[in-house]
Structures are given as C-alpha cells and as structure tokens.
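Chain IDs A, B, C and D follow the sequence of writing; residue 1 opens each chain.
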Amino acid sequence: MKNDQKTRRILSIALIALVGIVLFLCNQYLDSYQLRIINLCGIYITLGLSLNLIYGFTGLFSLGHAGFMAVGAYTTALLTMPPQLKQMNFFLEPIVPWLANVEVGFFWALIIAGSITGLIGFLIGAPVLKLRDDYLAIATLGFSEIIRIVFTNLQNVTNGPLGLKGLPPYTTIWWSWGFALVSILFMAYLFKGSYGRAFIAIREDEIAAEAMGINIFRHKILSFTIGSFMAGIGGGLLAHLMGTIDPLMFRFLLTFNILLIVVLGGMGSISGTVISAIVVTVSMEYLRFLDGPMNFLIFKTDGIPGMRMVIFSLLLMIVILFFQRGLMGSKELSWDFILGPKDKTLNLPEEE
Amino acid sequence: MLKIEGLTVNYGGIKALKGIDMDVPEGKIITLVGANGAGKSTTLRSVVGLTKITSGKIYYQGQNITGKNTVDIVRSGIVLVPEGRRIFPNLTVYENLVLGGYCEKNKKIFDERLEHVCTVFPRLKERLKQKAGTFSGGEQQMLALGRALMANPKLLMLDEPSLGLAPLIVKNIFEIIQTINKSGVTVLLIEQNAKAALEIADYGYVLETGNIVLKGSGVELLSNENVRKAYLGIA
Amino acid sequence: MYILRTENVTMKFGGLVAVSDFNLEIKHNEIVGLIGPNGAGKTTAFNIITGQYTPTEGFVFFNNEDITTCSPYEITRLGIARTFQNIRLFKDMTVLDNVLVGNHLRLRSPLLSSVLRSPRYRKEERHMIQKSFNLLRDLGLDDVLYEKAYSLPYGKQRRLEIARALATDPKVILLDEPAAGMNPQESIELMNFIHEIREKFDLTILLIEHTMQVVMGVCERIYVLDHGVTIAQGTPEEIQNNPKVIEAYLGVN
Amino acid sequence: MNIESFFQHFSNAVSLGSLYALIAIGYTMVYGILRLINFAHGDIFMLGAYFAFYCLTLFMMPWWVGFIVAIGLTACFGILIERVAYKPLRNSPKVSVLISAIGVSFLLESLGVVIFGGIQKAFPIPDIFGKVVVIAGISIVSVNFFIPIIAIICLIALMYLVNYTKTGMAMRALSKDHEAARLMGIDVDRVISYTFGLGSILAAVGGIMWGMKYPQLYPLMGLMPGLKCFIAAVVGGIGNIAGAVVGGFVIGFIEIMTVAFVPELSGYRDAFAFILLIIILLVKPNGIMGEKLAEKV
C-alpha cells in the first residue's frame, strides 16, 4: 500500500516534469501568437479553479469574477509600470502622487494584487455571503459592476476609460503555468484535507454541515477570500499578457467565460476545470475565424463577440440542459482513476 | 369505483408502500387509517399522479389511470384535498373557489356549484371577499372542502382533514363529510384520528409501515384491539 | 442534576404556537422519547434545542449552561449532536468522508497547514481517519468506506447519519425518527443498536419516533406532545395506559 | 437649478421610471411563480425593439401595425425561451436554471450581433412620438408623454388580467403552491407560458418606447436596463407586481435626479442601482413591499 502511494507520487512528479519539458519546447519553437494561447490556457486554469473553489466546491454561486480580476489586473499594472510609462499613460489627468513612483517586481506585484483582491473579496463576502443562490449571484454581479464603474471614473488612479497601455509583457509561460501548477496543487491538497471536506459538506447540505459543528459563515468567507485571491492573480497575469487593460475588458462577459469553463469541466472537479480551461481557451482562438466577416463591419478589435459567442453560449446551454454534471462531474482524472482504485481497506496517510 | 392493485412506491430507498390492494365502491365512505408514516398520504398521492409509482395498477371506473397526469385525473372526477389543506392564502375565498372550479368553463354550472357550496358552508358565503390566509384552521379546512366541491368530484379523497383541529371542529367537519357523501360523492378518507374516521366509514383499511394489516367494516375495526396495537405498539 | 433541560420553552410562528411551555429534563445516560401525532411540535422542539430556532420564550440548558441563543455549530461543539428526519447526508461524499466532516470541528491546524501538510496536521488527520474508521467499524459500516453516501441502502444511510453525528464527540444525541421507513426486523435491530451506542459512547439520547414498537421498547421515559402542549410524561407503561395519550392518538368520538 | 430644468428632469424621470417599471414586472412575475431570475428578460426587451425596427424599416408597416406585430413576435419568443431553456430544468437545482438563463441571455445577445449587426441602428420614430412640445417654456419630446400613459394603460390591463381572470388567479395560486394548483386541474405549464408571454409583451412595449426615447438600437442594449429592472423588482419586493412598479420608479428617479443635482456623479450613473440593491439586500432583503419567504429546516 505504501508503494501504491509512492508510485502515484513519482507519476505525479514525472507528469509535472513532462509538462515542463513540453512548455520549454513550446517556448523555444512556437510563434508569439501560439505562445499567447498557451499562456492564456495557464491563466484560465488559475481563474477556472478559483471560481470552481467558490462555486463548484463550496456551492457559492458568485458572478463577481470579472470585478476581482479587474482589481488584480489594475493593481499589478500600477505596481509594475515604470514612472515614465505612468506619466505617458495619464496624460488627461496626472496619476495620484502616491502611485506615481511605485515600482515593484512582477512577482511581488502579483502577490500584493492577489492580497488586495482577497481583502476586497473578504469585505464583499462578509455582507453578501449571508445571501443564497440567485440573490448571491446578483449581489456579486452588482459588486463586480460597481468595481468596473468605479475604475471607469477614478481617472487619476486607473486612467479611467482610456485604460492602461504598454504594460511590460512580463507574463511568460513560466509565470502563467507556474501559477496554474501552484493552483492545481493547492486545490488538490486542499480537497484532500479537512478544510476541503468541510467546503464540500457546505455545498452538499448547509444545514447538516452546521449541525456537524462547522462554522458555515467562516468557511464560506475563507473559500470566497481564497478564490478572490486567485482571481486577482489571474487578472494580474492577464493584464501583463494583453499589454493593455481598460474597464470594458472586465464586463460580465469575462465572468461568463470562466463560468463556462467551470460548468463544462464539472462543478467540483479540478481536472475537469484544467481540461476545459484548455479546451475553451484553444477553441475560442481557433473559432476566431467565425468572427472574421464581422471584423470589417465593426471596428478592428478582437474583443467583440459574434458567431463565436453564439457557439459558446449554445455550448453552455447544451451542457446545462443535457449534461448537467459537465465533463467530469465531480470526479477527478486522478491516478486512482487511471490505475484503478486503491484497495477498499482503510488507507492512512503515511507517517514521516 | 376505484381499485388499487399491488401498489408499491419507493422513494429514494424507502419503501413507502409495499404492494397494497384496495377497493373503493361507489357511493361509500372508505377510510384508510394508520399511524404517522404508515404510507397513507403516499397512497392518495399515487392515485392522483403526484407520486411516481414503482409498480402496481390503479383503475378508476374500470379504466386504468396508472401514470396519467394529474390534470387529466382531476378532470375525470377524482379530487384530492391534500394534507394541511393547502388553500391559497394570498387569494380570497371567492378566488380559491373559482380555482376549485377551474375546469368548468360553463358559467351557469359554475354559479350553481358556487351556490351549492355556499349552502353547505354558510361561513364561507359571509366571507367571500376575505383573504384565505387570515382564516383559522377549521375555516381553512371548510374552504378546502368547498374548493374541492367546486370541481364536482365523483370521488373525493381527503388527507387528514382533522389534522391540527380542535375536537368540536373535527366533529363538524366529519358531519359535513357525511353530508357530502349522502349527496352521492364517494369518499376516501385517510385519518390518524381513527375513531372519528371509522365511525362514519362503511369500510376501513388499517395501514402499518406500507402494508395493509387489517380491513373490515368501520364498526368491526372500531372494536378491534389490533387497531389499538397498530397505533400504540401495545404488544 | 440534568444534562439537558428546557425551561418553559415556547415557540410561536406568527399566530401559530408550535411548542408551548415545554419543560424537558434529561438525566445523564437516559434514553428519552418524544412522541405525539403529526404536527405536535416535536421537530420544532429539536430545532430549538439544537439552535436552529431561538425560542420565543424560555431557556435551554446544557450541563447547567444557558445555550438558548447559541448557533447550531456552537451547540454541536458543546456536545449535542443530531440526526434529521429526512436523512441529510453529504450525498456526493464517501462514507468515510461524511464521518471525517464530523471530525472537522475538533481540528486545530489552520487551513494553510492542511494544504502544506505540516507534520502537526498530518498527525491530526491520521488521528481523525483512525477514529472515524473505528467508529464505522463499530457501527458495521467498514465494508463501504469508499462508497458514495447516496449509493447506500436506506438502513445504512440512517446508520451513517448516526455515525457522523457520533464523530462530533457528543454527550447528548438527538435522533429524529431513526426508524422511519424501516421494517419490523430492522426496527428491532435499531433498538439494540441504540442501546449499544449508549453503552459504548456513554451517551444520553433523546429521540422522536412514530414506530411505537421502537419508542416503547427503547425509551426509559417518554414525553408526549399534542398541538405543542406536553400532555403526558412517564414510563412507557404509564404512557400506553394514559387516557389522554390514547385520545390524542386514536382520536375522540 | 431653475424650475424649467427641474421639470425637464422630472418628466425624464417619470418616463424612465415607467419604462423600468414595465420591464421589472416581467422579472417579478416570473420570479413569483418559478423562483427564477429570467436573466434573458433584458434581451427580450432588446428583441422587442429590434422587431419593431424591422417591421417599420424592412417591411414598411404602418407604425401601429408594426408595433403590434413586434409585440406579438416578442411574446412568442418569450414563451419559446421558457419551453426550451427553463422547462426541462424544472426539477433541477435553482442555480442550474439560472446558468441556463445566463446562457440564453448571451445567446440572444450574440445572435443579435450576428443577425442585426453590431453597429447601432437609429430607430425610425413615428412622427406622433417625435414631436417637440413646448409647455410653459419647457420643451419636451412627445414620447415622454406617451410613455407614462401607455405604461399606465398596460398596468391597468395587467392588473385586470392578474386580479380578475381565472388564469390570473391561477398565476397567483402558482406563486404559492404548484402542487395544490395541479390538484385543481390547473395546467401549470400553460399558466407558466402565459406568464412569460405577458412579461414579454410588457418588455416589448418597454423596448419599443425605449427605442423612441433613446433612438439607438444595439444588441447589448438590454443588458444594463435588464439588470437595473431586476434590481427594481428586488427593491420593490420580488414577486409583487405593485412592488416592481414602485421599484422601477425609485430607480428611475434616483438615476435621473442624482445626475441632475450632482452632475459630478454622472459617471457613476449605472452604479446607483447596484448600490441600492446591495443596501436593500442587506437591510430589507424582502424589498419594500415584499413578504417573507421562510426557509424550512
């Protein structure tokens, strides 16, 4: 039995190494467009997992992700932009002095961004997590919109509707996939342990979970805060991949994309989210040709949804109508799943 | 009139009914008594198609109505007054009665029935404009019965009409049930209040954890020691 | 000296008095039954004791401590566990995980150390798993450790719910209709089982039940509610021969 | 602020409030009987406006014929959406239906982009609605008079349907108890379709008048008004028709008046409704006129 666990651990390390090699090769031989898609995959894995933590595992139907990402994206951008760049961006109204000369390394910027987003998630969560289901959804959506509108109007902090341009392209494959890997491992270990079980118990039956002595409210806040933290980091990575951010990027459509990933992958499945994040991201790009004829009708931006969005909204509806449990249900594509389950007797975690 | 054969119902692992057979002859009052959780409500809900049947057949006037949808069954003349009365509290008495006669399109027939219900329940007539939610338990039960009569039932099924009511009102309700029966409506009554039910019933069945353990005429069952046993677990 | 006591507890919902002037007194290690016809207010009484409702009037004491306004999770932490009338398992979780959730309230490690699997957390987790396993073995559920809760047969689901409640280390356990949906044979097994767990875990038990066979067979004292009013209390024999009880159950004519 | 501009703003607020009220009713009715936020309702409103646009421009119908056809078509769409996207999920968890609703909403919007085109279209305002009327020195476009009048007519008709017809009674009964309604022989699915039809008619009326007041159509035009009107319904007390009307006016007035009196806040215009929502949810979650929906253990 010990060996059983050891094999699995070796297999996991081997898989991570293999992904690392593949990424390395990609980084060497693929063009920048293709690399951008691979980057996006990594970022969407983090984002998908963050929503799955909140909704899929803890059962809190939140539609506020775009807002959290906006906080993360703007924080990271403002912390990393060199002073001259800020000056160039803020030509309508100068940036507030306390931000003008701040410059922090990318990693710390991301961590600070995540923390601030987490804090905001905590502050929003404290009042709204008392609500349930549809009311929670609409309240979080409301907060997300408020964040966006505030960002549109805080000219001297966010540069308003003009957005921030020319962000240094810090997000590389190593950053996006590094955070994706950390997120995957974090989720995997979280849900192997007692807190993860408590979160799932809350999703399954709140009243019973409370009767088990679990402080529901505290755990909901915990899950929501962690999810916001991850969303903030995802937003920061996205900002430095795109190079340009503006408040319009963070509309409800962005939340929709992440929701699609979670629903398609299966609510409460880590591997499902990973797979569907990749599938959705790649096909969003691949299906871009469908929008082709639209492109000369409207302005030449790639953010306007057309036929592609028809397909994705249809996809969401088909999944929810016919395959409610998504790709994986709440199952995991784990080694147990591939190698066959461990024997039915008790397996205790090893002592070290 | 109504014939149930081998009715079995499982909900999520619980065997609520384990193959019961029953007969409800036309014009009679038949009662099904038993303790809480014996499966009485399940039986009635199966007849009107609110509960999915696992196996068994239900015949009404010689026709197989197993698995038919509720609306069709109600339109064919089987009316259920559900447990807890379930009147519409946000609607007035009159509106509740209108919905009771929902399937009757003919205004004249509808008015006649309304007239009839008002004579049976003079208390309702006085308060047609009042919101049903403001009624006391006994009045709500009367309204529920009146609402059922508006559908002109051939078979009236009552689920615990005495639930939560004071003894005097229970007596009143049971008298009204007898009156309704005399006007030609077959009654299938389920009750926890076995004495009251058996006293007015022509025939009774005793249900215990999903099985019929006893049957006989009302008078017979009333004097049977086993009925007491089924209720109080006296060995 | 009573382990669980309610003092003049009254619960009103709008105009409806669901429970009125309820005085329950349970000694350590007793098995007490709470019976009464449909709608008598039994489950409401349970919900008051376990903190789902705060009573309109009156107090609840546990070991002489006033717990009237505690929330459900605090009450469970103090040592009162419960099961539900319509089994509320975590359906999509395994049997073992269901019981492990019942252990979560005693966990000391913070979230981060559970994710980083610190030695202290691993020790706690090992302990939790071992304890849950022993519990499941004692309750005869060790053959289905990794089955999903929803896939269990009904009787085992009831057992699992009790196991899960026991995992919170209760001193008092409240069982809401444990025999619902069981056949006579299973009911007899349940009676033995209730006696067994009382001995093994040094429990005090309060139960709501309709199957009279179970109530009369297992309870040492019984309270009878009707329309929220306590109409009788006493030993099973006293209850069975109490005219008021017979009237409440069989009705009057 | 002088008296003229105050009245200008006032009439603006009244007509915007009326439009919000009309749309909010659709949310509240559907929530009342299905406990579902019909996320696509805002897009039904958009469809109503576009249908009227095509009736008038492409098919050259007289305006009143075109409006009636558009309203009818929109109602059919509303019913169709319920049948396809919500009915199959009647026994599913609440959130699944909500996700399906979000899916429909995005589908309609993106279909709108594909079929109607992403560029804004100018609504052909019939002369009668486009006149500028000058009263006591205040010039107001005539559509601003029509909007409250039409809204009141719609409301009276709706109140009649809901309070005095059998189907209306059935709708109110459904909002309390689906099962008891079935026991009365009420065809629940038909009543639900009827509700969606009514809600969509009001949304279409709102959409057409919106098109005349703010004469630009674009596929995402339903998004913001949709969200705000849902909020209006919640503020008023969801499930309560009178509440939705009150909520619609509250939001309309807050929006117009705040911007009028504190122009610096005009950038936050769209946020007011959301802030109000959050305050209401925390302070009085059942809304101004709502009743308590108790949850059972």
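To be clear about the criterion, a contact is a pair of C-beta atoms (placed from the backbone, for glycine too) under 8 Å apart; a residue touches a chain by one contact, two chains touch by 3 or more.
Since this is a predicted model, take the numbers as computed values, not measurements.
Across A-D and B-C, the chain pair carrying more C-beta contacts is A-D.
Distance from chain D peaks, on a Cα-centroid basis, for C. A straight line joining the Cα centres of chain B and chain C is 34 Å long. If you average the CA atoms of chain B and of chain D, the two centres end up 43 Å from each other. For this pair, chain C with chain D, the centres built from the Cα atoms lie 49 Å apart.
Looking at chain C, one finds that residues 52 touch two or more other chains. Along chain A, residues 207 each make contact with two or more other chains. Contacts from chain D toward chain B in the complex involve residues 166, 169-170, 172-173, 175-177, 179-187. Those residues of chain A lying in contact with chain D across their complex are 61, 127-128, 131, 133-135, 137-139, 141-143, 145-146, 149-150, 152-153, 207, 252-253, 256, 259, 263, 294, 297-298, 304-310, 312-314, 316-317, 320-321, 324.
By the touch criterion given at the top, residues 37-39, 153-154, 157, 177, 180-184, 210-217, 227, 240, 245-246, 249-253 of chain C touch chain B in their complex.
Contact residues on chain A toward chain C in their complex (touch as defined above): 186, 189-190, 193-198, 200-201, 204-205, 207-216, 222, 268, 330, 341, 344-346, 348-349, 351-352. Looking at the complex, you find that chain D touches chain A at residues 35-37, 85, 88-89, 92, 94-96, 98-100, 102-107, 109-111, 113-114, 117-119, 223, 227, 230-231, 234, 267-268, 270-271, 274-275, 277-278, 281-282, 285, 297.
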